[in-house]
Amino acid sequence: MTLARLTRRAVIATAGAAFAAGIPMSAALAQPLEKATVGVLALSSSGPIFIAKAKGYFEKEGLDVELKMFTSAQQVPVAVTSGDADFGVTGLTAGFYNLASKGAVTIIAAQSRDEPSFPLSAYLATNAAFDAGLKTPADLKGKRIAITTVGSTFHYMIGLLAQKHGFTVKDVTMVPLQDVPKMVAAFKGGQVDAIIAPSTVSRQLVADGAGKMLGWVGDETPWQLGALFTAPKTMKDRRPLVEKFVRAYKTALAEYHAAFNGKDAAGNLVKGPGYDELLGIIADATKQKPDIVAAGLPYVDPQARLLVDDIVNQVKFWQSEGQVDKALDPKSVMDLSIAGQ
Amino acid sequence: MRLLVSDLTHRYDDLTVLDGIDLTLAEGEILAVIGPSGCGKSTLLGIAGGIVAPSSGSIRVEGEVPDGCLNPITFIFQDFALLPWRSVEDNVGLVLEHHPLSAAERRERIDSGLRRMGLWEFRQALPKQLSGGMRQRVGIARALAVRPAMLLLDEPLSALDAQTRELLMDDFLELWRREKTTALYVTHNLDEALRLADRVCVLSRRPGRIRELVTIEEPRERRQEPSAQAHLAEVRDRLWHLMKAEAQMADREIARA
Amino acid sequence: MPDSLNPTAVSTASSLGQPVRFRGGGFTVKRHPWAALAAFAVLIALWEGASRLGLASPLFLPPPSAVGHALVGMVTDGSLWLNLKASLGRIAVGWVLGTAGGMLVGFAMGIFSTARAVGVPLVSAFFPIPKIALLPLFILWFGIGEPSKFATIGFGVFFPTVIATYSAIDQVPRNLIRMAQSFGLPWRSILRSIVLPGALPGILAGFRITASIALILVVAAEMIGAEYGIGAFVLMAGNLMQTDTLLAGVLVLSLLGLAIGTVLSQLERRLLNWR
């Protein structure tokens, strides 16, 4: 009895919501939601996905989207390749492009990027290296820098820096240590001169007096850090699904941009509409304190536009490093027909 | 060398194994010790050889040791106790290693023992390549290499088959004919005692006490002769009578325990 | 009742007499030297075939030919030797350090009861710690150069060696020690001539395990700032999703394991020919 009543009430509520949202009631009621999965990392850069899910934008498109949490950027495209996830959003690595070159994944829209005045990743020098003259990012030439792995975003960021200041990655000693905790350990132990670290880690290290901040990657070399991607097969066989997903994603992206990426005339960040609500959603999903999340919210393009030139540069960089097949056409790693770019 | 045991008692924790043993071994005498299983024969031997500390009582040796004796009281073991990773000659050499001997003397002690025991051709062999009898001969050669004054033998033949046992008994007889080494010989086997010993000490079941000391009047050299058989049969009967009663009771106690 | 008996059995048994049927077959170990090779060949052929027919995606399961190609590439550009040299050096130093330390402690625990009383709980407490979890600490203690890699392998090897050594000493027949005491051998001689060789089989068996552990840990060790090394090579191939290269690296690791196993077998045959 109670169950029946409850269900009836639930139906009425849903119908009301659908009506309010301007969707024909029959559509919302008649069709069961189409299931889809998206692989994400529990980082604030995945914020738009969390927002789309929490605010029901996927459901509005008739999608029941399940979030699959991963712990490293390498795992997400692998999950899309193996069919464990239909979509993925993460940072772009050489491994990603290798999968793309085998026709396993394709970029369909932008995720976050390093943008001037947005604190996402920082160059940090150890106190000793700083005292010895490592004062600006350009001074990193010839230094020992800890990275996670060869082919990681950190590797590319060093490559970008080198491109900008007229040296090459061969001019620095990259020390691969697998993950950020080990990079921090090596940094604190003075085993390396510098690291590039995410904003929260960077601020903590500076606060602890373990090192000095040399600048933000966004200010130095803006680039396309992450993307939304799927399998080419999904693109071909389930195009309507991709269209719905991207539509919901872009709605959330625009909302995220409005709330977090707005600036006043003086160029200072200002809180946009729905700031606290969206911050709460991201803090929930990443299991972080809101103020920590707020300190490291990356920039996203409101229309999910990709820095196409940077993607091309990334592919060429990995090819020159010998980590991605030279035969890969950089343009072939993306299909922006749905995102509309 | 003489052995003097007086009022010897030994306990392992609460278990009294030997109780009030008084015993004297004369120079050159061979004393066989028989008794039911678990009555403390090996313990007695261990105490005599200084590798088990007695709970109370005293055990002493007196007398001359032969020239060149390196280890007056020397064991021969039931399981031979050979190092499986050493060749026959190195097994014999082991017990000389810590003594300051000239290379020539070391060689001589090893070789003479091996020759006497008929092991010369096998000096390079490993224990696993030898028969049981051969292994015990290595054990004897090892004991001879230290020129012992007293031998302590703990069932030296019981791991061997009957024929091999006969052959080794001959070896022992030969040894005692030449060396006159005092010996304490633990056995379960009456034939061995009757062939080799001057006297036989019968121990009671645990706690081991001396039930009887039986002297075999017939000299060792003549025991194979027909004239000796009547006496030997009589001693054998007596020993068997003593042993049987003790063994039966010991058996029941074990069953009850 | 007699007519309830099987009539044929009765008649054959009584009249003809029959040959004794052999029933002792099976349950014995025979050597089939070619069976393993043949099984390998069939497996590889099936695998290659599946890839050629498109049954398995080359990304998910690179065909043996692709793995072989990657391996040939490693040989021709010299990276195989470079990586192998780096890893072998680390394995050798780490293993020797861990083994030396482990045997020292193991011997102490095998011989002195106080050392055993102190050591056993400590070993039980520290042995199960995954060495990979300690890598950040190792970086702080030993830096990111070779010492931390030696330490990772050495620590992994140390505890199993301790356990193998003191258990091996427990296995030394007590009667031999008694024998040596009865001949008045001094303590040091007993240790050198009896305990050490007597414990050797157990210690060598431990080597077999620790050599495999060293191979497993070289991958973990080379997580820390290694430019060259088979472990670093495998990790990089994994990060780059180059699955054929990855399998080529894994193949090198298992061949290395096979080689070390063979060397140890030879060593055992040499040193333990007395068994």
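In order of appearance the chains are A, B and C, and numbering begins at 1 in each one.
Everything that follows uses one rule, which is that contacts are C-beta pairs under 8 Å (C-beta built on N, C-alpha and C of every residue); 3 or more make two chains touch, one makes a residue touch a chain.
Since we're looking at a predicted model, the values are computed, not measured.
Number of steps on the shortest path from chain A to chain C, with steps defined by chain touch: 1. Placing every chain at the mean of its C-alpha atoms, the farthest one from chain A is found to be B.
Central chain assignment: C. Criterion: smallest distance from chain C-alpha mean to the mean of all protein C-alpha atoms. Taking each chain's centre as the average of its CA atoms, chain A and chain C sit 43 Å apart. Mean C-alpha position of chain B lies 47 Å from that of chain C.
Centroids of chain A and chain B (each the mean of its C-alpha atoms) stand 87 Å apart.
Shared contact sites, meaning residues of chain A that touch two or more other chains, are absent. Multi-chain contact residues, meaning those touching two or more other chains, do not occur anywhere in chain B. On chain B, the positions that touch chain C within their shared complex are 49-51, 70-71, 74-75, 77, 79, 81, 83-86, 94-95, 97-98, 126-128, 142, 146.
Taken in their complex, chain C has these residues touching chain B: 175-176, 178-186, 189, 193-194, 197-198, 200, 272-275.
Per the touch definition, chain C reaches chain A in the complex via residues 58-60, 135-137, 139-140, 143-145, 223-226, 232, 235-236, 238-242.
Of all the residues in chain A, the ones that touch chain C in their complex are 74, 77-78, 81-82, 93-96, 98-99, 102, 104, 146, 149-152, 175-178, 181-182, 184-186, 188-189, 191-192, 323-324.
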